[in-house]
Amino acid sequence: MKIGRIIGTVVATRKDERLTGHKLMITQGLDLEGNPEGDAVIAVDTVGAGIGELVIFTEGTAARYAADKPQSPIDAAIIGIIDNIDVYEELLKKRR
Amino acid sequence: MKIGRIIGTVVATRKDERLTGHKLMITQGLDLEGNPEGDAVIAVDTVGAGIGELVIFTEGTAARYAADKPQSPIDAAIIGIIDNIDVYEELLKKRR
Amino acid sequence: MKIGRIIGTVVATRKDERLTGHKLMITQGLDLEGNPEGDAVIAVDTVGAGIGELVIFTEGTAARYAADKPQSPIDAAIIGIIDNIDVYEELLKKRR
Amino acid sequence: MKIGRIIGTVVATRKDERLTGHKLMITQGLDLEGNPEGDAVIAVDTVGAGIGELVIFTEGTAARYAADKPQSPIDAAIIGIIDNIDVYEELLKKRR
Amino acid sequence: MKIGRIIGTVVATRKDERLTGHKLMITQGLDLEGNPEGDAVIAVDTVGAGIGELVIFTEGTAARYAADKPQSPIDAAIIGIIDNIDVYEELLKKRR
């Protein structure tokens, strides 16, 4: 899973019917400092998350299970709203 | 899923028979400003999209479900034609 | 799927027996100008493609279906020989 | 699988119920010198690993098997605590 | 599949029991000139390969089939020992 922020939405009238009923959220992955990292993805929301929220998102087959639609074209889903992150980056200075 | 634009087509007479009947669309992923991002992919069209259109595309097993061919060699598919995108990039300035 | 060119072969006497009977083709992904893009992969040939040919290749579970060996260690396969590519890169100048 | 270090945790009260009971560990992949490499991921712990430990983590469907939840939204899991790494980087100087 | 060289091993006493009995090989992907490319991975050996050998490795679900453990946390496996590589890089100068 990755840490991301919901920064927008996509509207598509003509689409795979298995997407109907899901909000399509533009979700930007973030690095440990909160800066954008990697491509933004379109993820379906499964937890009632809103624009601006910091979320956990998942990709691939995991996203279809998140949406309870294992045989759908979904490949990214929001699965948690983050309350708190604790990161100890100084641990990265440890040598093997 | 990702945001992309259909920018071309590929013709292959000699190909896996499970690709027959699908238009093979060259689809370029776009970043939030609409600039090319990442490699272009060859995606099968499942929604009647045309060259030049802004679309939603999906990759991996999700693409086989989109094409209703779960046991085919397809790994990318166009699953929606985008009417509108709302992005609030200023949200990325929020700190954790 | 991706556009690639077959640029070589790999020989391995000692290998997973489910690879036996497949030519192992070194396949280099190409960008829209025909320049190398991303890592070269070793793909099994499923369409009788030869060295130097421009091909469509697929990755992941899709490759095992291409080879009709869904329970094999294959993760990349050549599934089409490209006759023609039409790309309209000027479409990328369109704004959202 | 990859080598990583657990450098933090994420708390999410509102989340997919199939994540309940799993510690959500921020895990940073490391290169052969022990420097950060690639995006940090949120991985579920399956071996009792703690913050600061050097671990083996796996991604994709493999992570759901690690957690014994094959139909869950999990896409990354910690599956081993590393006791020792032996690397002979001089082998990379060998030519084909 | 990718071309790589085995450059080390990882020892983990505390690990997912489905990893028991597999050597955990640090495998570095190589480009066409034999230089390191991409992240090193921890792959299980399925063909009796040793440190320093040039190998074929596979990733994702393919790796679990290679190890004959389809429901395990394995996501990378060594599936062949390379005897010979023939590459014709001048083919990349061909234009579409």
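We just call them A, B, C, D and E in the order they show up, numbering each chain from 1.
The rule is simple: a contact is a pair of C-beta atoms (placed from the backbone, for glycine too) under 8 Å apart; a residue touches a chain by one contact, two chains touch by 3 or more.
All of these numbers come straight from a predicted model, not from anything done at the bench.
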For this session: Could you work out how many touching-chain steps separate subunit C from subunit D at minimum?
Result: 2
Exercise. Cα centroid separation between subunit D and subunit E, in whole Å?
Worked result: 18
For this session: Give, as an integer number of Å, the spacing between the C-alpha centres of subunit E and subunit A.
Result: 30
Problem set entry | subunit A: positions in contact with at least two other chains | 60-61, 63, 85
Exercise. Considering only which chains touch which, how would you classify the arrangement: line, ring, star, complete or other?
Worked result: ring
Exercise. Round the ring, from subunit C on through subunit E, what is the full list of chains in order?
Worked result: C, E, D, A, B
For this session: Within their complex, state which residues of subunit A touch subunit B.
Result: 5-16, 18-19, 24, 26, 28, 30, 34-36, 39-43, 51-52, 54, 60-61, 63-64, 71-76, 85
Seminar exercise, completed: Within the complex, subunit C is touched by subunit E residues 1-3, 29, 31-32, 37-38, 46-48, 56, 58-63, 65-66, 70, 77, 79-89, 91-92, 94-96
